[in-house]
Structure formats: C-alpha cells, structure tokens
Amino acid sequence: MIDPYYLQQLAIGLSLGMTYALMAIGFTLIFGVLNVVNFAHGEVYTIGAFAGLVAITAFAPPFLAVLFLALAAGAAAGFSLERIAFRPFRRFTDEASLKSRAMRESTLLSSLAVSIVVREALEIVFGSEMQPLPFEYMINAPVQAGPVTLATGDLIIFGVAAAMLAGLQYMLKRTRIGLSIRAVSNNPLGARYVGINTDRTIVMTFVVGSTMGAAAGILVGLYYGAIFPAMGFIPGVKAFVAMVMGGLSSIPGAVISALILGVSESMATTFLASGWADMVAYGFLILTLVFFPSGLFGAGRERV
Amino acid sequence: MSGFDARMRPLAVRAGLALLLFAVLPAVLAGFDRSYYYQVANLALIFVLLAASLQLVTGVAGLLHLGHAAFYGVGAYAAALLSTELGLGFTVTLPLAGLIAAVIALLVALPTMRLVSIYFAVATLAIGQMLYLVMLNWVGLTKGPNGIVLTRGLELFGFDLSGRLATYYTVAGVVALSLVALGRLSHSYYGNALRSIREDDQCADAMGVRTARLKMEVFTLSAFFAGVAGALWAHMTGYISPGDFDFGESILILAMIVVGGLGSLPGAAIGALVLILLPEVLRDLGDFRNIMVGLVMFGCILFLPKGLMGEVSALRLARQQFGAAWRRTGNGVGIGWR
Amino acid sequence: MRMRTFALATIAAFAAANLAVPALARDTVTFGYQLPLTGDTAQYGQDFRKAAEIALEEFNKGDKPFTVSIVFEDSRSDAKEGVNIARKFVDDRRIVGVLGDFTSTVSMAAAQVYKNEGMPQLSQTASHPDYTKISEWQFRNIATQAQESPFNAAWMAGSGIKTVAVIAEQTDWGQSVVNTFAAAAREKGLNIIFQENFNRGLKDFRSVISKIQRANPDAIYTGFFYEDGAQFLKQVHQMGIRTPVYSTSAAYSPKLLELAGEAANGLRLTSNFLPNSPDPDVRHFVEEWKARSNGAEPGQFPAQAYDAVRIMIAAAERAHPDVTRRSLRDELAKTTDFPGVTGKTTFDADREPQKVLAKVEVTGGQFVPAGE
C-alpha cells in the first residue's frame, strides 16, 4: 500500500502541472506558427483574469458568462498583440531580414516591451496588489477522493485543459484553418506561394492561442483566488520550459512536460525545503535536454 | 572626405572615446559635483560591461542567453565572500570573481553546449534560475536572502579608491579595459568564427569550425566579464542580495543589446546607457515612468529593428551620415529600417 | 549657489519676522522618502505615501514654527534604483532625513550611502537584524523578531502547545522569524518539529502544507505578509486542516481578511496597531485613511509608516531651528515614549524601537483582541 501522503503530493503535483499545461497549450501554438517566443503570453493570461474580475465585480454574472467574457478579452488581446508587436516586423520580406537572427530576436523583444507596458498599465489602474474576489466565484471547494483531497477547480481545470487539447488537435488536424496553420508553421514562404493568406492565418493562431491563455488566466485566478498584474510571469516561464521540454512542435508533448514539471515540484517539496523545489524542476529540464537535445517529443526535427 | 588615412580613423575614434570617458565625463561630473551623477554614471558603466559581455554570446555568436545575470551574481558573490570571509582586497577579488564565474560557466557549459537555438536558450534560463536559487537558498554559503555587507570598498594595492572621482576612474578603467578585450575578441578571426556559428552552425561545422568548443569558450569568456562586473557592483555598493541578480535582470541586459543592436559592441554600450539612464531621466513622471520605458523600448525595436547601431560600427554609421551630408548623395543605405 | 542665497534670505527674513510678527515666513524642513511606487511591491509603497501625506498634512495645518515637505522617489524595490535615490537625496542639501525603503535589502544597499555621507535614515519596515548595525544613522520603526518571537512563543506555550511547525518566507525577515522563533521556543520548552522557508510569491502551498500535516504539529507558526498569508490560509482551509496558525504583526492587514475570507478565522497574531482602538490619535489616523481609500481600514504597515514620519517630524521639531542631518540624528536617537498609533516608541541604544505588543485573533472575519 502506498503511503496516502505520496498520493496526495502526486495529486497536488498533477493539479499544479495542469495549471502550467493550460498556459503551455496556447504558448506552444503561437510559438509553432511564428517560431518566436511570445513574451506577452503571460500578460494575455493576466488580461483574461482581470477581464473576468472586472465582469464579476461589475455585474456578478454566472460563472460560464465570466469565462466567456474572459475568452473574448483574450481573443481581442491576441488580435491586438499580433497587430502591435508582431505584424510590423513582417514588413521585412527580403531574404537577408528573413535569415537574420537579429530580426527574430527583436520580434521576441517587441513582445517583451508590450508586456512591460501592459503590466505597468494594469498596475496603475488596479494597483499591484492581489485583487479581492467574491468567494462564491472561487473554484477551490474541497473534494474528497479516497485519501486524497482535491478541489473543484482541479476537476474544472482538468476538464477545460482536456477539452482545449482535444479541440485544438481536431482543429489542427481536421479543419481547413488548422491545415493552413500547420502549413504556415512548416514553411511560411511555401504557404504563401500556394495561396494561403498567411497574415490571416497568423492572426487566427494568435486569437486561438490567446483565447486559451486568457481561459487559463481566469481559471487559475479563480482557483487560487489570486489575481494581480504580475501573475502571468511565473506560469509564463514554466510554460516556456514545458514547451521546450516537450519538443516545441508537439502540443501534447508540452502538456505532458508541464505535468512532469508540476509533479517534480511537489515531489521535490517532500525531500527538500520548498525553496529548492524549482531547482529540481530546472534540473530535470537540463537532464532532459542532455539526453533528448530536441525535447522529449521533438523527434524528426533537425537540430538547427 | 577629409584627409584622414582610413587606418587612422578608428584610432582617432578610440582616442576620442577614451578622452570622453577619462577626461570630459569626469570633468563634467566633477563640475556638477553631485554624487548622484557619479552613481548613475558608475551604474551605467557596469551595465555597459554586462551588455557588452552578453553581446559576445548573443550578438556575435547568436546564442540566446537568458541567464546572464546569474553569472553577474556569481561574480558579485565571489567578490563579496572572498572579501568578507578571507579579507581579500578589491585588487585580488576582481580577477578572482571573473575567474570563478568563468569556471562555473564552464562547468555548466560542458553538458549543455551541444544544444542549439531555443533549446540552448531555455537551458541558459534554467542555469540562471538554478544559480539564483543557490544564491537565495544556500544560506550557509551565501547568507541567503540576508545578503552580504562588504567591509572593504574599492582599492588598488591598498590605496583607498572609494572617493567619488576615484571610484569613477576605477570603474571606468576596468570597464574600458574589458571593452577593449571584448572588442578584440569580436572584431577578429575569432569573432568571425563566432559569427559563422550564428549564421549557420552546420555549415561552420562542415568548414572545420569546432562549434561546440567555440560555444563553450565564448560562454565562459562572457561569464568572466559578467563576473568582473559583479565584483565592481559588490564593492561599489557595499551590500548585495540575491534580488539584484534575478531573471528580470537577465532580461534587462538582453533588452539592452537588442535596443542597441545585436552584434555591435557600440550598440550594446548605447543600449545599456539608454535603459539605465532612461528610468532616471523619467523620474519626474512618477508612477508612469516605467510605462514610458516600455514604450521607448518598443519604439526603438519597431522603428529600428536592427537596433540603434545594428551590426555596423558606430564609426561607419557616422561616416555614412556625415559623408552623405557632405556629398549630398546619401540615400541612407544601411541606416535604420528604410 | 542660488540655493544658499535663498536659504540666507529665508533665515534673514525669519529673523526679521521673529522680531516683528512671529512666524510670518515659516521655513521648510525637507525629508526624502524612498519607496516602491511601481513594480511588484508597489501596493506597499503606495500605502506608505498615503500614510505620509496624512501625517504631513496634519502637521502643516497646525501652528508650527516650520513646515515639512517630503520628496517621494520610486525605488521599485530594486537595489540599483535605491542606491541611485540615496545618492540623489544625499546631494540635495535641503534634505535632512530619509524615510524608507520598504524591503530590508534595498534599505541596506541605500544605507551604505547614508552611512558614508551622514544622513539619518528611518525605515518603517526594514527588519533585517543587521540593518541598524550598519551605522549610527540607521533607525527603524518596526518591532523586530527579537521582540515578537519570545512574545509569541510564550503565548503558544501558555495555550498548552507542545510541538510547532515554523514556516516563513525566504527573505532576510523570514529568516529572522524562523531563527529567533526557534531559539525563543526552545527556551519556552516548545518543540520545533518542522522548519522551512518558502520563496516569496509561491502560489501553491499545498505541497508544503501536506508536509507540515505529516509532521503533525500542535500549531503552525508563520512569517508572511498578507498576500502570501491569504494564499497559505486558504489552502490550509481547503485541505481541511484545523491546526491553529499563529503569525507575526506583518500579516496584520485588513486585506488579509478580504483575501482569505473565512479561511482566516482562528488565525492568531501579534500587533501593535488596532484600528478600532478608542485612542484619539488612532481614530484620527483611521478616519483620514478611510477618507482617502474608499472606506478601507489601514493595516499594520501603513500605521508604521505614519508613525515613522511623525517620529521624524517630532525629532525635527526638537532640533528646530537648527535642523541639520547631525542634529536630526541626535534628536531621533533621543526619541522616548513617542505616542504613535502603533503604541509608544522608544529607540534604545542600538536604535531599535521597543514596542508594546498585543495579542489578536481573527474571529468572524474581524481582528479581535485575544483574551489570555
């Protein structure tokens, strides 16, 4: 018989990993299509949470309405993010610019600049403290499952993450827009030559990815009851790590890696002081990369 | 253009810069005699060095490095611990701090250097975070969050250098020497080999460039200079704590070289100056100043995506500008984004 | 140069005015206040500014021989900026004393400048054990753990508690919470069976909580600020743990109750500021605060800031008309029984405040003075 303590830690780790996974899904999708890190994804997550919060304090709508409002805010944020921080950099279509790494790094930093502006603006409007939430909206009522205590939020987050993953896989593999997203992600120039509207496809990807980011933000915000302007930072880093560990191109891979990260953090807490828990997660990442230099599920990709 | 011999011009520019750094600027600072200006100047110089050292890895060799601040921290901690525990002076701790940072960089580089592109970036992120966690949590060695109060300030073989002007000259001297070294490294055959990794590492490999080894070297070298910057900061401030070296700091340094222009040493310097001076200049904006910093950064990236300098030397840029103005034939080739 | 002429002119005018009609031209004493107004800890800095403005307004309204002004500078809780500001303040000859910073680390980095240049520095929150040891220029207005820990340990021992788990944030302050409490507890015969620090801003405490639960202590002693505190308490509640939780005065904030809701019930902590105390000073401060913050009550930290500013002003009053950095420092050091909203404050020889602590318990979503 396993010590129920370890089962409990496993459950905590999975639920923690689930919150990372929720964010990693959108992050990976956006990375896949442009091949640049979107530093502002954490802010999209925050915007989703704040949109939900504003809706709650203003109209106190039912839970699902809050969720949809947050999703709408996420979609809008994704659309404008693409417009502001990414599209201007596609004006350089000459070969030198396309090949230049400097250009790619600047796009990366443009999203960082946008994220700084958004975070500072949120801090000025709302203050940097955690926002109080009406308790009836929080999704952390305990649920007893055998020897393990879970919360309602765990189940909701699991459900949403599974739905997101399945929906995304369906969209990518079975629909026309999914096909064009994959085409653009594989070879943007080629996609353009066969008549795919790459700009529209990229916008679509950002909208879908950011909607998922915003959903993650509001769910995790309501789960922990912690909504504040800097909330997207740590999950953003973790999602980034999960994405790379999963091999960049694989969304299920990112989800699995996020779960591994979560479980390794909670298990590490058993043996080490909790301050060191991240050490295990990052150590795990390094080990993974040493043995799988292109991530756990990144097979078939050239190492360049 | 003027009667300058082409080989004389870089020399003249360097002499001009040296004059600016060691004569004009100190004179201006002494003229104002405000310790605040000295402080900001020293801080800006330290970040010029940090940006320039990151430039070598990220700009020249094209390896996105997300954990540079950790090596800055290792240097600062090494200097602080050597100084407080062993009573060593700045003259000894400065090179040792660089060496210790370099050794640690070499150790972590050994297993990770065969990684490429974003995998490399995320590995450096993890290394940076792990070093930060060690600074924060290994209370026995680093005093953890309590930080370290340094008892000895800047000195040279026993001479006290903690006066305002002396501090400035010490910092400026160390930074200038390091910049010369970094400049030599990046504008040489060695630098070209690094550039070949940046542009196409498989091709470079095929041509006989030992990419893995070069990457390891450049990573270690850059950590050395970051460590030197750390020692300067530790001795100058007299108190360090882990918060000075977190992930945000790595990103700040990265932002500096992107704003300044990847691959260009003057660009790194200018980027560092912009991002250190801007928040100070904008103090009067109060709560809004950091939004302004973000906006300026965004504007820089948007309108000058190759950076304020790009991989064009400051000299060439100036020549183009002035030459064009003089000859009235300029069409601004290579400048900015047109 | 112009400054000096101006000062001379003011002095001359003041002297002349003194002969004729007293206090027509009042001179101004200026303090600097370095605090985080932006960034992740801005909420604390914004509160301090509000508290300082209340103190300032009420002093300047009164019939005093001089007026006070404060220069606020934003440090973002970043040591780089903190040192820059320190330099700026030191250069400004008008500034005779500095308040702040918020975190000990930034306060200490700046303190190196104040030590060298001779500027009195009074922090409302810097709790690092070595902070006041930096030089004779450093003061603070926060009860240190050396004082709170034995108090809390005695309280717990008195409630029949035998085994305690201690957990605090991984900061200099959290370290001192864990270390001084462990020492004090041993003295009082308590058994520390678990001792750990967590990284500030940790959102998920459940792993640590189940680890504590496995150690099965009689009580949990915690060192956190209200945000981490609210997370911790909510998750303790969620996991169905009923072990009593004790904490320090740093968690004393109405925002804790707002964020944690019923999960906060039963939390026991110390405080030296009770917003519903009948003391007229406290009433006045709380009223002013509520008027400026949509009816919200102030917590422990703003109260400490309010007192810090008033302690500084009182020292300047004693030093007046000769208010210099040196004279202000000497007068600060003489502060005895200053009647503040956080109780009477006296600086001892090490420039540490001695405070009177009160026991508080959260009952029905309110901070209530706890009986014995």
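Letters are used for the chains, namely A, B and C, taken in the order the chains are written, and counting of residues starts over at 1 for each.
The criterion applied here is as follows: a residue touches a chain if its C-beta (ideal position, glycine included) is under 8 Å from a C-beta of that chain, and two chains touch if they have at least 3 such contacts.
Nothing here was measured: the structure is a model prediction, and the numbers come from that model.
Q: By count of C-beta pairs in contact, what is the leading chain pair?
A: That would be the chain pair A-B.
Q: Compute the centre of every chain as the mean of its C-alpha atoms, then state which one is farthest from the centre of chain A.
A: Result for max centroid distance from chain A is chain C.
Q: I'd like the Å distance between the centres of chain A and chain C, where a centre is the mean of that chain's Cα atoms.
A: Averaging C-alpha atoms per chain gives centres 38 Å apart.
Q: Just give me the whole-number Å value for how far the CA centre of chain A lies from that of chain B.
A: Roughly 32 Å separates the two chain centres.
Q: Touching at least two other chains at once: which residues of chain B meet that condition?
A: 136-137, 287, 290
Q: If you look at chain C, which of its residues touch at least two other chains?
A: Each of 38-39, 42, 170, 197, 199 in chain C touches at least two other chains.
Q: Going by the touch rule set out above, which residues of chain A reach two or more other chains?
A: 120, 273, 275, 278 - these are the residues of chain A that touch more than one other chain.
Q: How about chain C: which of its residues touch chain B in the complex?
A: Per the stated touch rule, the residues are 37-39, 42, 73-74, 76-81, 83-84, 87-88, 90-91, 103, 105, 108-109, 111-113, 116-117, 128-130, 134, 170-172, 174-175, 197, 199.
Q: Report the residues of chain A in contact with chain C in the complex, numbered from low to high.
A: Where chain A meets chain C, its residues are 5, 8-9, 12-13, 16, 120, 123, 127-130, 132-133, 135, 140-142, 149, 151, 224-226, 228, 230, 234, 265-266, 269-270, 273-275, 277-278.
Q: Note which residues of chain B are touching chain A in the complex, please.
A: Against chain A, chain B makes touches at 58-59, 62, 64, 111-112, 114-119, 121-123, 125-127, 129-130, 133-134, 136-137, 198-199, 201-202, 247, 251, 254-255, 258-259, 261-263, 287-288, 290-291, 293-295, 297-298, 301-302, 305-307, 310-311, 337.
Q: Could you please specify the touching residues of chain B with respect to chain C in the complex?
A: 34-36, 38-40, 43, 136-137, 139, 144-147, 149, 162, 237-241, 243-244, 279-280, 283, 286-287, 289-290
Q: List the residues on chain C that touch chain A in their complex, please.
A: 38-43, 46, 170, 196-199, 201-204, 206-208, 210-211, 214, 227, 230-231, 234, 238-240, 255, 258-259, 261-262
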